[in-house]
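Per-chain numbering from 1; labels A, B, C and D assigned in written order.
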């Protein structure tokens, strides 16, 4: 109940960060590694039944910003380029999709030239033309795409489109030539992430006939293997095969297996799980209730799939507000929290690992260390309440009121309750403020709301230390009084900032040296303790007994269109 | 009163209520004997001695893939975790007692506020009529027409996000006062309307007319003539409202917008229990039973009150 | 009669208007709900936010915005959610209403049958053992938190026993009547029972009290003196008079339930009705949806109480409006 | 009706006792009541409220719906024992052969049905008339009881009638099945004086035309004087005095009756002081073993601790130990005082 709505939002976070700063990987992208086995006809057909507690809003691929639908868009829409449809790390690679090849990049990174594939048809039977590409790019602004102002404004003419979307032309920004079937993007400045930004569903190419406003509940034609047949936010949506689809690149848009893909909304997670257990459905979108994990991992082990996510669950502390403007207070909490407790609230050691650093394990620059620990080992051993209490007294912040803001889904609230009792045990007067994730995420960012400490998550999308360290803890990411100030701790340290810039600069030339510095940055940050890092979670998928060919993309998670129900 | 004492069911109910109330109110004095842990502090990594063995309060699953962690079930030892632990490793039995405190406190005090305000408003409206009546009735209409739970929930959502800071009134977010005020205000019309009706009909009656005619002061008439006649109704209403409010409180807490952590009420415990419904159903079921028991007793008592105080019941003889 | 209706209508409008204003103000008193920022999306740039603010007329003064919202809700009927962008409110409610209606109407049938029978039997056997028994059950039913009952029912029917006793029971959820009447009833069976339990209890108790009073009335003595059968006296005289007060209760209850008071049952059984819709909207402080559902709910309650007044007049000649 | 019934009493009550088992012990509402009601006779039962007069009548028709009541004795209606009949059997008697009129016309009718409907209901309960027939009969009845424009009034609701009119409707209902016996329980108490007179006239008039016997229960000697042929004076559930109306009113034997008569404002004697009975009625819970009236009696004697039996001659009896001489003496003083005032 309470949680479901917000859990979907957690999905939203996933995707939103999934696109925060793509890059490096894209450049290295070259040959499609996946789909080597080839299409296995005998498994084609049938209907895949997916369950989600609630709908995720508009179906418009250029507006919707939730993992829940981005997962589906993979099979329904294509951009000029897209993320490779394979399992494993290669799923971060960008490959040509509607474009015949990766673009020719000239004018030191400011001009991208694509050649559009010929003869590809939309699900409404119309052929994809360069004009569709142009109109789709203009449409990004007309429907006021969430990131129009932060990503696509890099296109020449984008700025104008932001101020006057209705009359958006992107003149000189997107130049198409029907004769040569080419599309040229001119950027105001080089942008390493531009291709990634074209590869996400926002970059989908839609018919030029698509309405120049948010299409809401009405499905738009696409080029993918499937098309949306119907959508009702209260009951569910149906995807069927796109009659005009022919495989042009299995790596970009493979042929799907099921004839139909249904997603049904409106039941509780508990009953969703029950339904899959009873073979009434094939997959649950929402995170599994921890209450059911035991039952699942014993009775339905074969139907569970667990994948490592390089992500953090952490407690950002407001470094500009008492008591956590006091370093000792922040360190005290780092000592006091028992990360194993948080882990077991999340579902146990097998589903999450305690962490003491900002960078997840196995990350470039990651150095195994644990500054605030019982004893001196570099791996997490447990809390040290004595030290914690001592620090609180030393900080002179004992007895202060502390408000902890968490989202009101079961897991977050459980962890929140635990942190609450820790705060009280080390001498603060703490209260819990559960909020719908929908509000909480912006609420904790805005300094106006005077949030002292909160619980939140950060999911990576491509392996680069800057994605964590710079995005979350550099001065440039702190915007007081703004709902979008992702540096939630409001932490700003000039020397560390300098270090980060140095590391980033170095990355272009010497990755290893850069990583070394990133590691030091991580250490330096933890000395300042703007966060309490809790653990690195894993993703569990629970699929029906009859389902085969489960494949997991690091980018958009399970491929629904590749599931076998025959 | 004698009549009430003769009503065996009502007396039994009263007994049950007294028992529950004392059990809950005295919790602070003996709960630590039952729960060695503070029932408000998480005890996730803790262990207890259970017939000689040391066991974890939260036990990681060992079968199958080994996902999931389950709190310890009922030990049936009063020494500790009599009814087992919740997902925070807290002693459910001890929490039941403490939760009962808030539930009863909220139920009772909101009933007091509700009935008091309703009585004043309703009587005033019925007695003075005219503008007073019009305004009061409209307010009743509005509260009435505002879907109860929607009103309660919207108020809660707001107030629980930022507390009340109105003029000199200042209530901390998470304070029990918020649910109390919300619940009280939501049900005012339910009590106020009937009272208004009674007063209206009273006004037609000779003795009131006489009193008015004899030029007695409004205050005097209200106190000497009206009050004695509405008092029984109010008395009858009270226990029912307490029961009613307890149920509402639990509903709100269950939706996560009533009592806020670290406070606990039977409603919040049910909510905690939901997460364990499949592995440790007792956590969710026990507080429910407590509510049923208490509310039921209050209802029986209310019936007893009605039989005893509602003059109607007396007048009607066997013929 | 006409004047009466007009008066009724006028006050109804006043009430609805006030409620809409209340809801509106309540939600602008809430922090963290800058609609523009939320419509624009998470990492939206200030420019985009501003553009949305203008596009949605959110830069206008509150009263204007209120009027705009009312215009979109009632006249244009294209008010859209702040959270599920492009999700129109009115269709959402229209889609949810049948669910709530199915839930409520089914429950109504059950609780009327059970409640009225219970009340009659109890009153007819006053002083015999069956009377206190029924009253006890009534009190039990009234004292059970509906949502808790629902959860326990789910636990019983969906968990261990699902493989054995309740194998025939589908997973909780909603199937439209038009799609498959059988499934529809099967999915709603336990929600019906859960919702009906409380009201069956209330009605049995109220009706019994009314009947017991009625049976002490002079006119019942007269009826006996007329040599009528006890059965006829109970049904045609006592019950007929008791029904008057029951009816008003009934009207208001049904109004409230259709208006969304079945929220808890819907939440527990995952029925996508108006209650659940509202609850989710409140969760996300999705003002347009809340406004829509609350107005919808209030409308039904106001309507119900108006209908009750009329029916009351029809049932009780003493209050005929001339 | 056969001739035989003419001389045999319509209703004959023998040693009727009604006892309620209460928490405070047995409550004797009626104690050894016996009387007859001849054909076309009007019997008045008089006594203060709580003297058990109503209970007596209700109990014999099974209208006392109290589970813990004990009714003993014998009640013969037209020679048929009706005490202890099943409710179903009594139903045919009630409203059929025995009509009833109640004290408060305001509450005596079901508020939600038209008066016509209610009369029709009773008629059809006891005869196989069609609705239409019953309805026309109802209209005719309403006319007889003097309700103007019965054709339209038949479709009015009780609350649309004035008190007096409503009582007329009740009477019409009671007569609807041509009852042999009409039991009127304080038929005029709730009405204002002028209406009272009209109602009483109506009753006597109807009694003529219908030829049914009437038992009229009242606490008002005036009413007795107006309509009754014979009188039963009740005190504390016991008969105090029984006799022809003339005798009882002119030459009352029992001190209690004296009191009652004294309590009647007499129009024929000018400016006569109102004599009220000193003391309060004895609680039915502790009726003395001896003379029930003893505690309030000015002429109480030692022997009054024994319960007096009904004594006297030519159908005029009373339960009092006073000797005729003593009575004469006391009476004369009373009349002297009365005359002195003139």
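What we mean here is this: a residue touches a chain if its C-beta (ideal position, glycine included) is under 8 Å from a C-beta of that chain, and two chains touch if they have at least 3 such contacts.
None of these values were measured; they are calculated from a predicted model.
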Hey, which chain is the most central one here, using CA centres? C
Taking each chain's centre as the mean of its CA atoms, which one is farthest from the centre of chain B? D
Note: chain B sits from chain A at a C-alpha centroid distance in Å of 44
Based only on mean CA positions, could you tell me how far chain A sits from chain D in angstrom? 94
Determine the centre-to-centre distance between chain B and chain C, using the mean Cα coordinates as centres, and give it in whole Å. 22
Whole-Å gap between the CA centroids of chain A and chain C: 40
In chain D, what residues contact two or more other chains? 63, 65
Among the residues of chain C, which are close enough to touch at least two other chains? 31-32, 154, 159, 221, 267, 283, 285
Of all the residues in chain B, which ones touch at least 2 other chains? 161, 255, 274, 277-278, 319
Sites on chain B touched by chain C in the complex: 9, 138, 141-142, 144-150, 153-155, 157-158, 161-162, 243, 247, 250-251, 254-255, 267, 270, 274, 277-278, 281, 284-285, 288, 291-296, 298-300, 303, 312, 316-317, 319
For a test of understanding, state which residues of chain C touch chain B in their complex under the given definition. 11, 14-16, 18-19, 22-23, 26-27, 29-32, 132, 135, 139-140, 142-149, 151-152, 154-155, 159, 213, 216, 221, 256, 259-261, 263-264, 267, 275, 278-279, 282-283, 285, 290, 293-294, 297-298, 301-302, 305
Help me check something: in the complex, which residues belonging to chain D touch chain C? 61, 63, 65, 67, 87-88, 90-96, 99-100, 102, 104, 107-113, 118, 121-122, 125-126, 157, 159, 170, 173-174
Of all residues in chain C, those that touch chain D in their complex: 127, 217-219, 221-230, 236-237, 240-241, 244, 315-318
Seen from chain A, its contact residues with chain C in the complex are 1-2, 5-6, 12-13, 16, 20, 53-60, 63-65, 144-150, 153, 162-163, 165, 214-217, 232-235, 264-268, 270-272, 274-275, 278, 280, 408, 435-436, 438-443, 446, 448-449, 483-484, 486
